[in-house]
Amino acid sequence: MTGLEIGIISVGAIIVLVYSGLHIAIALSLVSFLSVLYQSGSTSLAINLLTLAATDGIANQTFAVIPLFVMMGLLMNATGVGRDAFDVGDFVLHRLRGGLGLATVASNAVFAAVTGVSIASAAVFTRVAVPEMLRLGYSPRFAVGTVAGSSVLGMLIPPSVLLIVYAIITDQSIGRMFFAGIGPGIILSTVYCLGILAMAYFIPSMVFDPTRKFADEAAMGADRFEGVTWGQIALKLLPIGFLIFVVLGGIYGGVFTPTEAGAVGALFATLYAVLRGKLTLALFVQTLRETGYITAAVCFLIIAATMYSRSLAFAGVPSEIGRFAQTLTQNYLVILFIFVLIVLVLGTIIDAISIMLIVVPLFLPIMLQFGVDPIWFGIITTIAVEVGLLTPPLGMACFVIKSSLTNKEITLEDVFIGALPFAAMMLFVIGLLVRWPHLIYIDQWFG
Amino acid sequence: MTRTHDSGQQPKATVEQGNLLDNQMPEFPILTPLARLYGFAGAAVVLGLLIIVNVDVFGRFLFNRPLAGTLELSEMGIVAIVFLQLAGTIGARRLTRSDGFLGFVERRRSVLALYMRAIFNILGAVTLLVVAYGQFPRLITSYVRGYYKGNVGIFTAPTWPLDAIVLTGVVLGAVMFVALAGVNVKKIINEKRRIAE
Amino acid sequence: QEEISIRIASGFAPNVAAVKILQETFMPRVDERLAETGNYSIEWREAFSGTLAQPGGELEAIQLGLTDIGVIPTAFHADRLPLYQIGSVTPFTSSDLVLIFGVMDDLVEQYQEFSETWDPLNQVSLAVSGIPDNYVLCSRVPISTKEDVDGLRVAGAGLNLRWVEPAGAVGVTGTLANFYQLVETGVADAMMVWGEAIVSLKYHEVCPHYFDAGMGGLNSYVINVNKQAWDRYPEEVRTALREAAVEYGVAIGNFSAEVGAQARDTMLESGGTVTELSQEDRLAWVNSLPPLAIEWADALEGEGVRAREILAAYMEAMREADQPVLRDWDVE
């Protein structure tokens, strides 16, 4: 059997097992085990593949910051910092149709400036934005879909763990990668907003729930912002503004690195919670434990994805894909198209960081032959990889949203379906950046 | 209908509402208290990570005194957190899965769905035991040979405690899977008895 | 003709010298040697860029048989490979990598302690190699004297921070991957790297000032083969692998020297400065260091390893080859 055949069969097995309901990490480990056992005929080798990935798959600093970013997100949720940012967006945008959707996107874009992982954004805004949208008659799918789609901004707008990983594996400057994330982050947010407006005005059934099942009719009729002044709203921007100042100021002022920002952000979020009198010892312990649970669920998946990507490497799949792509054509747009396609397919079952580790070293040399800017390629890759956060069966952002939802009538399928238009808009943005590559540099937007 | 947990009860994992994670874990004798203990240890490592990174950052910036070993300890800490929390994550049914199809089967043939759940839990146990089997000799070697992370003269930390956490963490996780499978089997027996009556 | 399939792995990507020279020298040389008789040919299965093992994970991947051959960065394994750390306890000795590798390979052959290191790790070591030919400080501000180093925050990879801390530098532990970022943001003022890294990783963009204190270089890699795989290979293939591994060391040593020499020009072109420490200051510096090598040797002697003898042989070879040797590390 060729590597490619092993790859295809194992993908099929994983999809069947995952959809039958086997835990995703178990499905990935089990298939990796069987694949290596089949190829090598050695049980001990297959066992060791799993054990080694379990111990070294996440043992580096890039992953060590995940719990700290998650903790910062939980604390910002507990202290209402995320909620305040959302309220500001709501106040400013509530006269537009689909205004809450716009507010979710806008506040997520701001929140992205302090978080390095999308799962933190997804967890916070599920608690903040979804109940409010349901109360005001938005469709549940739109509500969770908007949160899923805009959580992607967390890893496109710096600081971002994904941009750091790309910079590391390609020897690019992390600073420049970060800078190149700002423009596309703004473009994606804008496209989301235009898409939401288009849906709200032209296909309202996609945005609003005609049955108003979860709606609070009284709230819908009333002017929610009666008596609210701009001054009060401005005050709500202070806490998030302060955190952005601490995080960005710290990074660009030479106090700490973007990876360390998670720890400093979590510390300041803790201090803020204490000052606001919102943090009891019990709540603090619960936050730590919740952080541990989310970290364990996410990192165990990353470990299993590492096992699987190593079993693919063992079968020689990455180099076969690379050779295949190279021989296929000499047209760079076609190769880019194939690249994005491969990333999207892998994105259905492998986690974002592993995909980067697998495909970037294969394709970057090919891309460089065409004189492509590696930073631009990194941004394209990042967005394409992030689409995978939204696609079934393995869609991390959707999982986090599902597990953070308090309304249990909304299913995982609802989240995936709701996120679909946003995944489509991400592809549209990739198209824009391919057509006008200089768009990634915000300083080149206006001449 | 999809849920991210096995039984009909709802996970309430919101921090602001008070964390009811522990109540989601079925009360198995010895096992559940042990998983809870590991969970607290995992939470302590999260706190430790928060503290050492900040001490390093501010020590370096304010006093030119970075904390030696921060890099090594964070790399070890993240692994420790995952394996200390694993059994609890499994017990609280928060290990990620897509159970749309299971729910569908459940509504038509509840016994079949229970069989599936039992098999999946056993598969989980087997997988974790495979990891444990490979990890056992690694623990012995790292203990006997005194493996460490870091550099002599600057900072060193022995790796065997971490290897022990990984080993006991996956074993505890496997036992938790078996216990959950036991619950499934018990339900199957009750269900069959009910149908027979 | 018999075709032998060999899986070859590294945590590094092909743009890093370790893998680049594998592809440009090691693998082709093996193929060429075998083509001479035509008895065997190799089907290479590449697993680079960490697809099979992270940087530092190669040792266990070879040990467990996940890969047949791999390049191991020895500095990551001070616990498992203490003998191979000899370079990091003998700074200010030599910057001739090809010489260092040759001396090391001779020691490996002469003292069975080296191969005994590998036996429990289930692998066979082919040859010593490495990349840092001469550690320099790449700094945001110009440095010209030993005093300028006092209070400087220096990003380094670990053990070699002990070379600069006695001069008053504050060590910031990092990896090659985050040095750029550490210095760019100002978290660190300088980094401890070698010329090839400055050029390849564009460090001159963030720290254009090059300061050479004559710290010298060291062995940092070995090419190893899994024991079971090794036992399977015919004698002819084994010989080809060994010889090509030695050639790999020569090629990467020359590459490091060549690109390293460019680093000075690159610095000047990017508006920086190039300074060298006076001989007087060098001596003061090296003599301010603790007896690193003796401490290292004594710890190993405690485990029954003839480390003092090995150290003496290493230093003697360096003196014989007329290397700078600013301190006789083997003398107390």
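For clarity, chains are labelled A, B and C in written order, and residue numbers in each chain start from 1.
What we mean here is this: a contact is a pair of C-beta atoms (placed from the backbone, for glycine too) under 8 Å apart; a residue touches a chain by one contact, two chains touch by 3 or more.
Just so we're on the same page, UniProt names per chain: A = TRAP transporter large permease protein; B = TRAP transporter small permease protein.
Given the structure is predicted, the values throughout are model-derived calculations rather than measurements.
Enquirer: How short can a chain-to-chain path be from chain A to chain B, counted in steps between touching chains?
Expert: The least step count works out to 1.
Enquirer: Farthest from chain B by Cα centre, which chain is it? Let me know.
Expert: Comparing chain centres, C lies farthest from chain B.
Enquirer: Rounded to the nearest whole Å, what is the centre-to-centre distance of chain A and chain B, using the mean of the C-alpha atoms as each centre?
Expert: Taking the average C-alpha coordinate of chain A and of chain B, the gap between them is 23 Å.
Enquirer: Taking each chain's centre as the mean position of its Cα atoms, how many Å separate chain A from chain C?
Expert: The separation of the two C-alpha centroids amounts to 38 Å.
Enquirer: Approximately how many whole Å separate the CA-defined centres of chain B and chain C?
Expert: Computed value for the inter-centroid distance: 39 Å.
Enquirer: What are the residue numbers in chain B that touch two or more other chains?
Expert: 61, 71
Enquirer: Enumerate the residues of chain C that touch no fewer than two other chains.
Expert: If we look for residues of chain C contacting two or more partner chains, we find 187.
Enquirer: Out of chain A, which residues touch more than one other chain, so two or more?
Expert: Counting only residues that touch two or more other chains, chain A contributes 48, 52, 59-61, 254-256.
Enquirer: Using the touch definition from the top, list the residues of chain C that touch chain B in their complex.
Expert: Residue positions touching the partner: 78-80, 120, 151, 153, 158-159, 161-162, 170-174, 187, 292, 295-296, 299.
Enquirer: Taking the touch rule as given, give the residues of chain C at its contact with chain A in the complex, in rising order.
Expert: Interface residues on the chain C side: 7, 13-16, 45-54, 56-57, 60-61, 64-66, 177-178, 180-182, 184-187, 200-202, 205-206.
Enquirer: Where on chain B does chain C make contact in their complex?
Expert: Touch list, chain B to chain C: 60-61, 64-66, 68, 70-71, 141, 145-154, 156, 159.
Enquirer: Using the touch definition from the top, list the residues of chain B that touch chain A in their complex.
Expert: 1-4, 10-16, 18-19, 21, 39-40, 42-47, 49-50, 53-54, 56-57, 61, 71, 74-79, 81-82, 84-86, 88-89, 92, 94-102, 116-117, 120, 123-124, 126-127, 130-131, 133-135, 138, 163, 166, 170
Enquirer: Could you list, by residue number, the parts of chain A that touch chain C in their complex?
Expert: Residues 40, 42, 44-45, 48-49, 52, 56, 59-61, 168-171, 173-175, 251-259, 309-310, 312-314, 316, 318-319, 357-358, 360-361, 365.
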